[in-house]
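Both complexes below contain subunit A, partnered by subunit B and then by subunit C.
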Partner chain A sequence: MIKASGITKSFAGKQVLSGIDLDIKAGRIFGLLGPSGAGKTTLIKIITGQMGFDDGEVRVFGKNVKELNGDDKKQIGIMMDNHGIYERFSCADNLKIFADIYGVDHSKIGETLAKVGLSESRRKPAMKLSKGMRARLQLARVLMISPKILFLDEPTSGLDPMTMKYIHKLITDQRDMGCTIFLTTHNMEEAASLCDEVALLNEGKIIERGAPEEICRRYNHQKTINLHLSSGEDIEVIHGMDSAKIISTLMEQGKVETIHSSEPTLETVFIELTGRKIESDEEAKYA
Partner chain B sequence: MNKTRSLYKAFSSNLEMPKPNGEKKVKIYNRFGMIAFIGIMLPISILVGYITFVLTDLLFAFNGNAYGLLSELDLISAFAMIFGIPLMFSVLFFSSDLNFLTALPVTPRSLYVARFWHTFRAENVMTSNVLYAIYIGYFVAAVKNTGFAFALNPVAILASIAGLYGALILPLIYCSILALLLMLILRKINRTDIYYHTSLVMFVIFALMFLLSFRGYGRISVMDYIDTMVLSNNDFTNICNFLFPTNYLTTLALTTHNVLPLICSVLIVAALYALSVLVAHLTYRKGLFAAAVIGNKKASRKTVSVKGGHKVLASLVIKEFKVLTRTMTYRMNCVYANLLWPIAAVIFIAEAPKFEFFKVFAYKLKNGDPLSHVILFAVIIAMAFIASGLNSIASTSFTREGVHLDMLKYLPAPLEKQIRAKIIIAVLFTFIPEVLSVAVITLRFGIAYMLPLYILITFLCVLIATIIGTLMDSISPYTVWSDELSALRGNLNCFFNLAAEMVFALIVGGISYGIYLLSSNAVITIAAVSVLLVIAGTAGVLAGLPHVKKNIELLK
Partner chain C sequence: MRNVGIVFKKELMDTLKNKTVLIQFIMFPLMTLVMENAISIPDMPEYFFTKLFAVMYMGMAPLTSAASIIAEEKEKNTLRVLMMANVKPWEYLLGVGSYVWALCMAGAGLMSTGLPAENIPFFLGIMAVGFIISIAAGACVGVFSSNQMVATSLFMPVMLVFSFAPMLALFNDKIEKIARIFYTQQLRVLLNQMSFDGMKAETVLVIAVNALIAVCLFFVAFKRKGLE
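Moving on to the complex of A and B:
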């Protein structure tokens, strides 16, 4: 569905993307993870045709991105920053603008607003919406067009857990309907629970890719089992010849309260690969 | 077509500033509106209409009845062209949502068309009052000289409508084509500052070209000027007839009632507009790619600039300085606009000695004529107030923060300091060019001994004007804008502030003249007004600033 090969991009002599290769299959959720300034938004802009690039090739729907026509673009939904919201317009009028641009019947506006839970706010000006409601309005704008590909740039950044959950549900519903989703996030838990495949981007290069659990398994160098004993003591048992014996002895003695295996998370993998933590754009701004 | 209309509608949603929340604020705003109408729109319209009437009435005797009208249309087109280049650069390439829109199923042509007409509408709002006044002035003179039926011939009416729109539309078309081509040519040069400087160079070239054309005005008397018009020897008009043929053709149709020039004029506009659409079709997308790169570079530069170990107030002043100087729209409209005062002062000094009244005025000043001193004193005061209103720095103090205005309340820096930083920067940007202008004028008039006093007066007036502007913006800052240009153009605070500054200039001028009439003594007049300004400035700092703070704290 989306294929990028050897994408390179520089700004004023500084390379911000270097040899990016991607192959995203239809009907999957692909997550691009990386810290602020890694090049995530630049890559989305390139793939969606908002920005040129120095070298490489991007193909969407099997076509060169530069050759995408209006009909192709009608099948692509893009949600980035606060773009595409006209503050003085009501929620319904905002959608009307994009319904005209995408050639969508106006009858779909009400239906989409209901889908994202904004029916009661349909006449409210966008500037009076809360952050969560704005995110839902943006999502309504892209869902209204029933896209085949959806690009979501940090869709849940700064949102409360309830809205986040709501948006995750809308995203997975879209995937279940066959939509291909390309999202960027700095939230590793979100990526692990939502994405079928992720790529870790650092300083303009993809440093790891694959299914989240597969990546975690790959970096599970020191397999350990953590035990919490009834005495309050925590012990870590390293996988090996004696581990089963130690655990069964403790269990037989009735000393074990909880037991769980300990695999690395995407976050620990990222730290292992780069030596630094992933931080959101907002965290980076105030760091 | 539907898409273009939708985009146009979306862009135009930012054209009008919403009324503030709360009955009290709405009342205050209505009063500001009244002041602006009475203080700016009405006097300017009456003045322009009257000048057109007098000029046209006079020119009827020379059989060149529409030359006055033509000169004024040319002036408007010339100014539209000068200010149109940075405007079209900003509108076509630096609006925040433009890149996002290119990824939608919208052709660059649709995007261009929607942007162009949105800009035309916004600009037309600003100039249409003057244009209406010009045509009303002309028609009154024409009815007086040729009678009702002849003057208001249908072709003349149609020609006036075409002229009214053509005076603005043609320069905007040229500027659009120039901006599109320039962006295309320069996109390979991967340096942000060159894009900005190229636009500035173009601005200066056009400004100089037109200012040089004006030089002829100074050398000639009104009668000579009329002669040059009738004999087609006026350089400025000749250049403009070539650059803006629609002005010439519509005035020709207006006076001769010949429909052919009118048709030609419409066809020329249509052809050039079609050409601009074609250029947009071929180049706009590439230009937007280049602009997207600039946007990214701007963002990274901003991140770097936050660092540094300055003290709080100094850091806040530097932040305001950088916002104004590094944002193209603010730099053009708020910072460079101040340079026009010293330039105007130099041109005035160079050209004015050719006029008899100047020689007399200079002689009187040098010989201590009290009334001349009071007049110059009032002019310096008026300049300071108007300069502060025109540059819109104070009147956009909080507007510039946009939707992040609330951040001011939560920043670890005290709100007073943030307000003080905004005032300091507005005063500096206005005061320094004003002092240069005042220095040029006083030195030329041979009254250098007055310079320290004039510097102090200029400072006080700029300070008072800045506090007025900041206070007005704090009542209801215009925070919901999609690009910086809308923050200035669609902002009623700027317009109201300019009106308020003009009224203040008038009041201070009136007080000066009143005191002079009572005392017949320039020293007493200047001293009394200076004391009043010191009191007003102190009151402004002591009472105005807490009010600004309170307004911002109460903003929801």
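Moving on to the complex of A and C:
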């Protein structure tokens, strides 16, 4: 569905993307993860044809991205992290403009607003919406056109857990209807729970890719078991020949209160590969 | 062309909600109606306020409206969303331009209500030409600005020169000589005569050169900045 090979992009002599290869199959959720400034938004802009690139090739629907026609573009929904909502217009009017542009029947406006939970706010000016409601309105704009591919740039950035969960549900519903979803995020938990496949982007290069569980398994070098003892002490037992013996002895003595295994997360994999934590745009701004 | 109509309709929907732009369209027509009906000074030229405010309206309203609308869309990222929805830059600019022109013409129509019926077509024709040049200049400022604040600081001096130079030229010969190089002054002279009789080649040349400069600057700004 989306194929990129050898994408390279520089700004003022500084290389921001270097040899990016992607192959995203239809009906899957692909997550591009990386810290602020890693090149996620640049890559999404390149793949959606909003920005040129120095070298490489991008194919969407099997066609070169530069050769996509109006009908192809009508099957692509793009939601960038900067809202782009008409503040003075009501929710319904915001959608009406795009329904006219995409040639979508106006009856779909109410249907889409209901889907994102904004039916009651249909006449409310966008400037009076909360951040979560604005994100849902933005999502409604792209869902209304029933896209075959959906690009979401940080769709849940800065949102409360409830809205985040709501948006996750909308995204998985779209996937279940056969839509291919390309999303960027710095939220590793979100990526692990939502994406079928992820790529870790750091300083313009993809440093790891695969299914989230598969990546975590790949980096599960040192399997450890964590024990919380009744004395209040926490001990970490490294999985090996003696581990079973140590644990059974402690259990026989009735000293173990809780026991659990510890596997790496996408976050720890990223730290292992780059030596740094993934920061959101807000965190990076105030760092 | 469908998208031009959609952009036009969108701007029309926004007219009553966007007070900053709305005031530009109605201020001078209303002032004209009030002044023409309320003030009568002996020996004052006929339709003095209509002609005076018409030139100011021509230099101000289209320029500031076009620049503000484009700059606001850039600032709020709505322009990017429109481009992503496959609205072509020319469709957008033509939609905004035709909207501003139409509203300004409606304002000019209101201003012309006090004029003798036989002068109205001439008045509207002159205003239409002036609006087109001002819209091109405003679009140039809008395209060049990344936000409304930058747009305001750019269009303010341009607008003041185009709209006030013809008025100041009434009182000072030196200013009149300088003001001749502006399309607004040349159009003011035509509005004063209310006919093309005795029109000089200079008038056509200045208007054409001004239009050409506005269009060239617009393309330079568009090439450098695009609609990003």
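Going forward, the second predicted complex is superposed on the first by the 284 of 287 C-alpha atoms of A that agree within 3 Å, B and C clash if a C-alpha of one lies under 4 Å from a C-alpha of the other, contacts with A are read in each partner's own complex, and residues count from 1 in each chain.
By our rule, a residue touches a chain if its C-beta (ideal position, glycine included) is under 8 Å from a C-beta of that chain, and two chains touch if they have at least 3 such contacts.
Quick caveat, the model's predicted, so the values are computed rather than measured.
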Check subunit A with both subunit B and subunit C modelled on it and let me know: fit or clash.
-> clash
Who does A:Ala12 touch here: subunit B (first), subunit C (second), both, or neither?
-> first
Just subunit B (first), just subunit C (second), both, or neither: which does A:Ala244 touch?
-> neither
Identify the partner contact of A:Arg88: answer first if only subunit B is touched, second if only subunit C is, both if each is, neither if none is.
-> both
Which of the two partners, first being subunit B and second being subunit C, lies in contact with A:Gly52: first, second, both, or neither?
-> first
May I ask you to decide whether A:Ala114 touches subunit B, subunit C, both, or neither, giving the answer as first, second, both or neither?
-> neither
So, A:Ile78: does it touch subunit B (first), subunit C (second), both, or neither?
-> both
If touched residues of subunit A are counted for subunit B and for subunit C, the larger one = B
Give one of first, second, both or neither to describe whether A:Ile97 is in contact with subunit B, with subunit C, with both, or with none.
-> both
Check the residue A:Thr42 against both partner chains and state whether it touches subunit B (first), subunit C (second), both, or neither.
-> first
Which subunit A residues contact subunit B in one complex and subunit C in the other?
-> 48, 50, 70, 73-74, 78, 80, 83-84, 86-89, 97-98, 100-102
In the complex, subunit C residues that touch subunit A = 3, 6, 9-10, 13-14, 17-18, 76-78, 80-87
Spell out the part of subunit B that touches subunit A in their complex, as residue ranges.
-> 2-3, 5-7, 9-10, 13-14, 18, 96-97, 99-100, 102-107, 190-192, 286, 289, 292-293, 296-297, 300, 303, 403, 480, 482
In their shared complex, at which residues does subunit A touch subunit B?
-> 10-13, 16, 37, 42, 45, 48-52, 70-71, 73-74, 76, 78, 80-81, 83-84, 86-89, 96-98, 100-103, 127, 285
Partner subunit C, residues of subunit A touching it in the complex = 48, 50, 70, 73-74, 78, 80, 82-89, 93, 97-98, 100-102, 141
